[in-house]
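Read from first to last, the chains carry the letters A, B and C; within each, the first residue is number 1.
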Amino acid sequence: MPLDKKLFLRAYRTMRTIREFEYRVSDEFGKGNIPGFLHLYAGQEAIATGMCLNLDDDDYIVSTHRGHGHCIAKGGDVGEMMKEIMARQGGSCAGKGGSMHIAAIEKGMLGANAIVGGGPPLIVGAALSAKTLGTDRVGVSFTGDGGSNQGTTFEAMNLAVVLKLPAIFLFENNGYGEGTAAGYAVGSKDIASRAKGFGMPALTVDGADVFAVYETCQKAVQHCRSGKGPIAIEASITRFRGHFEGDAQAYRGKGEVKRLMAEMDCLKIASAKALKQKLASRAQLEKIDKEVAAQIESSVQAALAAPSPDVSELLTDVYSSAY
Amino acid sequence: MSALHALTVPKWGMSMEEGEVQAWRVNVGDTVAVGDEIVDIETSKIINTAESAAAGTLVRIVGQPGQTLQVGMLLGVVASGAVTEQEIDEFVAGFVAAPVAGSSARSTDTPAVALEPIVAQPAAQRADASQGRSNLRDGGDDSGVNASVVARRIARAHKVNLNNITGTGRNGRVSKHDVEQAAGIRVLAAPHTAPTVAGAGTGVVRSTADDSHIASTPVARRLARQLNINLNDVTATGVRGRVSKEDVERAAIALSGGVAYREEPLSGMRKTIAARLTESKQTVPHYRVSVDVEIDSLLQQRKFMQTELGLELSINDFVIKACASALVRVPQVNVQFTGTSLRLFEQVDISMAVAVDGGLITPVIRNAARKSLPAIAAEARDLADRAQRGKLGMDEFQGGTFSISNLGMYGVDAFDAVINLPQAAILAVAAGRRKPVVRGDAVVPATVMRLTLSSDHRAIDGAVAARFLQVLKGFLENPASMLV
Amino acid sequence: MPIKTYRQAINEAMAQEMRRDSTVIVIGEDVAGGAGCDGDRDAYGGVMGVTKGLFPEFGESRVIDTPITESAIMGAAAGAAQTGLRPIAELMFMDFLGVCFDQIYNQAAKFRYMFGGKAQCPMVVRTMAGAGLRGGAQHSQNLTQMVTMVPGLKVVCPTNAYDAKGLLISAIRDNDCVIFVEDKFLYETSCEVPDEPYTIPFGEAKFYREGSDVTIVGISNTVHKAVAVADRLALEGISCDVIDPRTTSPLDEEAIIESVEVTGRLVIVDEMTPRCGLAADISSIVAEKAFGALRAPILKVTAAHSPIPFAPALEDAWMPQEADIEAAVRAVLGYTR
């Protein structure tokens, strides 16, 4: 079933929220309000959005170091996320995770994983829980083209096939693993066919088109929920920003980013299509834009006003009980 | 009033801090009277026998032979009426907290029970831990209390019921510290005292060649420089063939022609000797005056007394008697310098140095001037004999107003002695030797003995010392005058 | 009380917990054996037979044979633990830690902390360690030191059947990732083990012997060598506290320090290599916290700093032996400054 009016507005709001969030985080990083490393999802919003629209709160996802978008799409609280990234009290991980470990456990977002290839084995476990406990939950591993080359990912795909688990391996091929092209680093060139090699079906989709992503993911989720075992999706996309904030992107071609931002902006593509198909009015979209901007602004102000975590929290939650 | 009395480690003299229990002279169940000798205790000075301060029945021995206990610790318990084992247990447990004064054998102020190797915790911890201490023994089966193995072991030894201890250790477990805190004790390992053998080497010619290229640890190179050792002379055994600090130390011994040695920890007696003689030599302005004494007449008298009267007298007995007589005649030598006054004694108590295994001790012949020569001889023999067996009483070697050190039996020609503080003079007695002496214009043989008096110049001036020796010489050369 | 082997005790702990809690699963290579084969299922029950019998009782949904894929086993266990199961994942030989360590120390160990206390990872990694079976360099190592250093992990190394059952039940019920290190030398050893389930708290050391002259701490199987030495020395009047920490994380520092305070002398026996190991760790803890009590240097009796050799003569020389322990005890007793 394609995106209807109601779902489209949800999708648009999610994508806009991710975009605003990422750009604002970039600004705040530039102002020195954010410590550490930042890897932004700007440009890839349609993928997280299109997938998570098919999931319930009790389905599971694992994410990558580029995880803000997945967390927002899965329902993570933007205010808590901003506080976490700004290392403030009230952050979603109590200031102990940061950007690379952003999570919304209560929403089934089991955590951003800063070890490339760290997530796929975990989602096999989440899928194993679903199967063992007899729920109809599915687990989705968001992985990049870089992560598709890790042995852990191969092992995870194989085990998911062997145990016939409701796991979706969603590969976001944004063309680069850090500063090396996927065309160089992915030997098969084609991640989907690699997944097929492990014995599972694999779909491909244009990651800039939220309508297509939504429908493809819908098929994958249905495949899993119906007990047919794991499935893979390769979504092609680009990233608007560097591997990390501050990356000069010298490895990218002249004018490449500018051209791709014009051609592959999922928000522009989605609004044009929606306006044309009368799924939404310009006024509706502008209203969402304004609301999102206000939400992000207030999340930043709240974060800036919050204190740093108390040092007394240093040793809490290392263990579940007195050590 | 309690029917139970504590027997504690007495304090014999200012320097006594602890004593090792040697042997009990009474058994549990024996009746003891006040003043009865009950247990032998070895201090840094001597083995002595503690007396009972209470009358009754010995109902518990706490201090076991081999244990070193601090002054004031519990040795045993005497009951003056019928008591139960439980009452005794409670008394022992309660003693930890109870002030000792009044119930102890001799008044002290350092309470604590000792069973295991213990270093008692002094006053600081005692005060705040005393509350409710006497109840530590009470309570039912404590086998279910969560306690660490060591804490339980200590509690058992000190009859502490673990139900009375709040655990603050791992997972709320009662820790060793918890038990110690509650009982006001501290249990630590006894110091280690085994001897060891250290380095040896042979003389080596020292190199002068450049040693900067020789691989060594920085510390080894620095040490070698300090010790003026050339690294060419050092055998490297360190990591990757490097010269280590230990290599340099070995070389230092070898280069100095060092020999093997054995290192023994100091005994209590050795420590006491070291401290007191160092103090004497460093703080007392010693000077010495010597005189030769002809003792042929004395020897003749001695032989006569032996053959005709059956009296066994040593030359030293005569020297003691002569000194006593001389001190009566020259009382300015029978003195002590206190720092603020001069103390002149009316009685002559002569300390005689006796070599014992591992050191020396100075038993005292009291009031020697009033004693006959045979009495002095008998007393001197008895004291020397018991000194060597470690059986002197504390009051038998403390005090004294003048000391005599006699090395004549070793045939020495002359020596001088270090003053035995707080006394002011000591006489060093050398061997009697047959020597040519000039008498008138003739050279005749005589038996000559060199006496050297070391005096504290703060108390005794040279002329007084000389006068004393003159009188002493007179007595020894005319032994009959001693009898006057 | 019935006598059971270490192997039986571990098996019983798993079976009882699986009956008690349907979220407990066993996952690993050949934990049943025979999957997809023409012959018997449960053909292995684990290479050492420790999980034998679980498959017939609990079936393939809870006794899960996997491919040879340690990263995926550990990752799947961690992911499952985060989402409602209590997996017991088997890492056949501890040597294989290298091919799955990321999933243990970067993932399982960190969920709770890294996600602000909102996640948990109640899983057990059962693994087998220990040299002396001529397994060579890659099937003999005890890498307890490597997991002990990771915050977030708990590490258990039982040395007898009774402890093994109680500690494994505690591990299964624990809400953190517990590495349960079984010493392959001990599977055939036995002692009295109650039939009913029971737990043993972590971080509480066991004293195999009590004495007053020297404290000997032994990790895993080495504690039994230490006991043999202590018993021999007891005939000479030398008495030793022989302590098995039972869990290296958390470590019962208190029990070790208390004992050292009384004996003043410490020998630590550890079959692992000497650098950055448990013996070094315990030594540093005691040096820091009980320096004043020490009457002699702390001596470590460890394996040699080399890969584990195959030839019996070499392997025997590589690992700590009773004679080494005895020599160390005598050395600390004979020490003077």
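The criterion applied here is as follows: contacts are C-beta pairs under 8 Å (C-beta built on N, C-alpha and C of every residue); 3 or more make two chains touch, one makes a residue touch a chain.
What you are looking at is a predicted structure, and each value in this text was computed from that prediction instead of being measured.
Novice: Hey, which chain is the most central one here, using CA centres?
Specialist: C
Novice: Starting from the Cα centroid of chain A, hunt down the chain whose centroid lies farthest away.
Specialist: It is B whose centre lies farthest from that of chain A.
Novice: On a C-alpha centroid basis, what's the spacing between chain A and chain C, in Å?
Specialist: Chain A and chain C have C-alpha centres separated by 39 Å.
Novice: Measuring centre to centre with CA averages, how many angstrom lie between chain B and chain C?
Specialist: For chain B versus chain C, the centre distance works out to 53 Å.
Novice: If you average the CA atoms of chain A and of chain B, how many Å lie between those two points?
Specialist: Chain centres of chain A and chain B, defined by C-alpha means, are spaced 83 Å apart.
Novice: Mind pulling the residue numbers of chain B that touch at least two other chains?
Specialist: 171
Novice: Of all residues in chain C, which are in touch with two or more distinct other chains?
Specialist: Touching at least two other chains: 203, 250.
Novice: What are the residue numbers in chain A that touch two or more other chains?
Specialist: Nothing qualifies.
Novice: For the complex, give me every residue of chain C touching chain A.
Specialist: Chain C reaches chain A through residues 23, 25, 27, 61-62, 64, 66-67, 69, 71-85, 87, 102-103, 106-107, 111-120, 122, 151-152, 154, 174-176, 203, 250.
Novice: Spell out the part of chain C that touches chain B in their complex, as residue ranges.
Specialist: Going through chain C, the ones touching chain B are 201, 203-205, 207, 210, 212, 241, 250, 252, 254-255, 258-259, 261-265, 293, 295-296, 333-336.
Novice: Show which residues of chain A lie in contact with chain C when the two form their complex.
Specialist: Touching chain C: residues 60, 62, 84, 91-97, 101, 103, 105-106, 110-111, 113, 115, 118, 120-133, 139, 151-152, 155-156, 158-159, 162-163, 316-321, 323 of chain A.
Novice: What residues on chain B touch chain C, complex-wise?
Specialist: The touching residues are 116-117, 148-151, 153, 169-171, 173, 175-177, 187-196, 263, 265.
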